[in-house]
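Think of it as A, B, C and D in the order they're written, each chain with its own count starting at 1.
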Amino acid sequence: MIGHSFMGAVHSQAWRNVHRFFDVPLTPRMVVLGGRDEQRAKVAADRFGWDSVATDWRAIIERDDVDLVDICTPGDTHAEIAIAALEAGKHVLCEKPLANTVAEAQRMAEAAARADAKGVRSMVAFNYRRVPALALARKLVAEGRLGQLRHVRAVYLQDWLSDETSPMTWRLRKEQAGSGSLGDIGAHIVDATQFVTGEVITGVAGLTETFVRSRPGENGASESVTVDDCAVFHGRLSSGAIATFEATRYALGRKNAMRIEVNGSRGSLAFDFESMNELWFYDGDESGETAGFRRIVATEPDHPYVGAWWPPGHGLGYEHTFTHEIADLLRAIGSGQSPEPSFADGLRVQQVLEAVEDSASEASRWKQVEVSPT
Amino acid sequence: MIGHSFMGAVHSQAWRNVHRFFDVPLTPRMVVLGGRDEQRAKVAADRFGWDSVATDWRAIIERDDVDLVDICTPGDTHAEIAIAALEAGKHVLCEKPLANTVAEAQRMAEAAARADAKGVRSMVAFNYRRVPALALARKLVAEGRLGQLRHVRAVYLQDWLSDETSPMTWRLRKEQAGSGSLGDIGAHIVDATQFVTGEVITGVAGLTETFVRSRPGENGASESVTVDDCAVFHGRLSSGAIATFEATRYALGRKNAMRIEVNGSRGSLAFDFESMNELWFYDGDESGETAGFRRIVATEPDHPYVGAWWPPGHGLGYEHTFTHEIADLLRAIGSGQSPEPSFADGLRVQQVLEAVEDSASEASRWKQVEVSPT
Amino acid sequence: MIGHSFMGAVHSQAWRNVHRFFDVPLTPRMVVLGGRDEQRAKVAADRFGWDSVATDWRAIIERDDVDLVDICTPGDTHAEIAIAALEAGKHVLCEKPLANTVAEAQRMAEAAARADAKGVRSMVAFNYRRVPALALARKLVAEGRLGQLRHVRAVYLQDWLSDETSPMTWRLRKEQAGSGSLGDIGAHIVDATQFVTGEVITGVAGLTETFVRSRPGENGASESVTVDDCAVFHGRLSSGAIATFEATRYALGRKNAMRIEVNGSRGSLAFDFESMNELWFYDGDESGETAGFRRIVATEPDHPYVGAWWPPGHGLGYEHTFTHEIADLLRAIGSGQSPEPSFADGLRVQQVLEAVEDSASEASRWKQVEVSPT
Amino acid sequence: MIGHSFMGAVHSQAWRNVHRFFDVPLTPRMVVLGGRDEQRAKVAADRFGWDSVATDWRAIIERDDVDLVDICTPGDTHAEIAIAALEAGKHVLCEKPLANTVAEAQRMAEAAARADAKGVRSMVAFNYRRVPALALARKLVAEGRLGQLRHVRAVYLQDWLSDETSPMTWRLRKEQAGSGSLGDIGAHIVDATQFVTGEVITGVAGLTETFVRSRPGENGASESVTVDDCAVFHGRLSSGAIATFEATRYALGRKNAMRIEVNGSRGSLAFDFESMNELWFYDGDESGETAGFRRIVATEPDHPYVGAWWPPGHGLGYEHTFTHEIADLLRAIGSGQSPEPSFADGLRVQQVLEAVEDSASEASRWKQVEVSPT
């Protein structure tokens, strides 16, 4: 695994425990943790349970005892590491967003396709697909319980930048993060929309804004914020449904409100990650007298992933989505299949994000999203 | 009062009871009800408590014993009736949207301004301003409890058109209704946004869609739907805050979900008309340990309008917003002041709606909203 | 109508408007309002729309032009007035609790039965039966949608006495109010339980408490509180189901949380008056994957009473329960039937309340509730 | 650790990961897992990460390399194992309820007190104390934010026995389980009440019921259920506050609704484990205009335990309560302090449960709870 901050910690927890709960065909060995500062990497490796450390990611890729590389670094490094790892015959799990640009993502998707043909697998870590309630949502849509889809409204609301005086971070520098809320959290709702509906976004029109244009840097000096603080956009799905999106880190009081609501001709769904064990479902086939949005507590044994854990009502948390993700990845590798979401899926998200930026830079003009030929 | 269907019924209830609860300087007398079909008008007048009927609205305007004309007809008739009434020296209450076009609304606003100079008052019936929880929301914003505003997200979700086979109505004909969800319910969230924030919308980019393009007409023949089924748009407020809007009658399971959420640098607010007696408020000044969106049950005596009614927790309903509206109108007339929302406010809403339609017809391109000089 | 404070106001609103919305066989004429202070009664009559006033309730009962007497006075006066009115051949609507003692209630129920045999009707005003969501709840239970009932948990939580310094009122004097929270609000949940389940409470064990034993009286002097501040009790229904109850006016932050939850072998229901337009229903016949408590927004035309009012999602308020009550009363009178809840139903509530008090005075010992032979 | 079913699995997860997140002075080594069937124990040890297995718990206690014994077996075995382990100088973590009888619990508490004097620690595993939201609740009460306490209402609702045909389990046999819902889940709400309020329950009156008196046994024959299906009771806290309790496994649709609500003279709290990352707090000091129950999403760094995990809004799950429990236990051992909840706390819960059973067997008569002299 390369990188050991927030994402490194949660990925490690998943690698360490996945085989304790899921019948996976491969048992992870946590061989080496990559980090630029050796001392800090050692502390992290010890804490997270990795056997050794390396300060150069190339050294990790060259090791014979490494079968899979998990990339938890900022987006500007993804393409180089992932392509090299795939070419070295290592399976790759890559954090989202897949890359900072469509061009990079395109190269990654191509590399992934070539590797896949040789049995080398890759997956992009859109962990929200593994929230049981959202996996159930996708299942209900796929079964036709919603009928013809008409609306999606997806927002991802956080508030950690609300305070104008909070300090600069790499997430606010374009060269490292690629974009702001758009790539960081907007990517999640774009992917979740495509995942839950089983459709792709074919066009968008958007607006981005930077509310606070400079923040205190490391040595007290003011540093410019070079990414968006929020992005709002609307779009169309391949079926013709209308979707709206908003990603912001200025929604004071909303901590991690990744929400998606879908309306169809036969039913509707609503989800909010702040209550991640719940899915709300409106069944339009129900008689008018007793119809209503029902709160499905998605902790039953027959809900996706849940059977591996605790009894009904004993909810799961954020970290379990990563355990599910890695369980799925190991199962795919073990059974010789291509895991999802693929790098092509990651590219498709990137194409939507780029179209939003393009639209925002041209007075919200509509942009078709070029669907990659994969 | 002219018109006696849904709006006529609820306005009548308000006229009949307002002085039972509010200390208004004028006690309404319900003189004459206008309707094109005399027989049906008589039935309605009897039911709703009007003394007489008239089949020509001009006859009503000419009566000496009529001081105020309440217009509850479809939008295409508003301009003619309202302007004539104002010129005849009658105060006017006009249902929303103010008119079907900006041109009409402009003429109405001008007539209203002229009349107002002579003490003849006019008001457009955006009743949601009189929901106690929303009036409280405006108060909190005005007091600065939210700080610098950054986001508004406003949706109005209904589902009565979800069924593709439900019949044609006048609300789906452009010549009568002007527009579809945009003017019918989108108008409410545009006005509510401007009301709660105390700002105006300065530009928008939008998309409209008609999902079901024909419906069963009166004699079984299929009739074309000539208005939008939904409208989505984003915009900016005068302060620079970013706002998103959605109006639809296809959100299956949502009956009357007129929702607005506002995020500022110091606090946030959220409201949903399906729980109309509640306002959610996040106070960012609160310590992190105990901060949270608080559910204010807006039924306390010191909440707007509530003191006139029942004890705390004994909630109000939809119709009371009209009683409050008319109480405010009577007070303004009695005290020689100009009531709000004025026809100029109605015009401003109309200008936003037109900008949305213009944007939608030009691939979502951004449209500045021309702010009327009033 | 006799009495013109809170209950008088809300009953008047219902009498004034019932025929505007419901097709009732009799149109109310609001003949005379009774109140001990003539001046205050006149003000109230004028405000509420009564034609005349009387300072002696006996004068009202003797009037030929009075067909029905509506009793909105404190509980200690109910028996005398109601019995006299019934014996004078007047229909009677009596506020709850029916009386302050079982003995009084027994005499009233007997008088009502005698009168009923002559076509003179009586009803006790448990208005919560007329909340559409609760009427729907009863319907679902009656249809067997809940199967065998096992649990009821009913609470009525208010907070207006939380402040120890709030002043004395007649509701805190045993001689006028009979009891405290038990008779005032506990009566509602006892009746609602019997109404929704269609069963009777056959035994109880309880505890009462007075938290604040004296309060500031009218002239500043401290006055003793002689009623309970809260009552908690458990009991059994005739089917063997277990029920728990709590009535308090010290639940800080709960304004009018009259809640009832019922669990059966096939389904469950939950209701909270603070969200009075909602009924939560869990259908145990639903597959595990999509089962969940569904939020029924009880504002559809086919929900009880709702068709007379506004479109779906345009909620009703507290006062409408009284309009429904009076509509039902007028329909019963017009069609020669006995309305419900009858005085016998009121007596049954009184018997439960008395059993709770008896149990509380004997260390919570179980008390069978003597079921009246009616 | 002894026992390896549900509780064994979740305790193992905590032992395996606690030092990955918390700075604990001792790092667990998972030496030996006890289970009667060697083969099944080996499978479990392998899955959960234990080094070896033993079929006799005595062998575990005798091992020099075992410093702490974690007891996850049914309640009838707790006393013997725990006392032997403490006498052998092993720290003990014991699942709840502490024992099946007060006599056993008394002996255990005495053994624990003797051991504690020698630095051998013990803790009873009331894991709900370690839900961040409930730990925060206790903190707010302790700080006086609720003022004088007046009400507690605590329920623990599950539904896994609702189906009359579901099979017999050891939890329905008195000789193994001690009691039914009372000891299994009622114990949790009794402890949580005493924990959150910082008070003890001084008396109770209760009722228990067995709805389904026999169930399908292992070989198809019907087997008698010898424990309660539900228990309802009310009681008093040492401050005089009134508390109500209900424990049932027949509340259809409620999966793990462990709820507690506390009302005081200055504030109120409400919690529901089905939304375990939320605490609702009503601050009575707030002005009436903006007062309301606020939904505290208890995932901020300064909320109890949360700083060790993920960013705000990235919720925790059921299992984390055990990790917190073990972190606290290790810290107490490491710093030479007595951890909480102690066996004396467990005894106090047992005394309340016994009083409820005594009351239930004597027609709900009030029973003082003998407070143990610890």
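By definition in this document, contacts are C-beta pairs under 8 Å (C-beta built on N, C-alpha and C of every residue); 3 or more make two chains touch, one makes a residue touch a chain.
Computed from a predicted structure; not experimentally measured.
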item	value
Per Cα centroids, the chain farthest from chain A	C
B-D compared against A-D, more contacting pairs	A-D
Between chain D and chain B, distance of the C-alpha-averaged centres to the nearest whole Å	54
Between chain A and chain D, centroid-to-centroid distance (C-alpha), Å	36
Set of chain C residues in contact with two or more other chains	254, 291-293, 297, 300
Parts of chain C lying in touch with chain D, wherever the complex brings them together	150-151, 153, 155, 157, 159, 162-164, 205-207, 209, 211, 230, 232-234, 236, 240, 242, 244, 246, 248, 250-254, 263-268, 282, 284, 291-293, 359, 363-366
Chain A - residues contacting chain D, complex	6, 10, 12-13, 16-17, 20, 47-49, 158, 160, 254-257, 273-277, 297, 299-300, 309-320
Chain C-facing residues of chain A, complex	136, 140, 145, 279-281, 283, 288-297, 300, 302-303
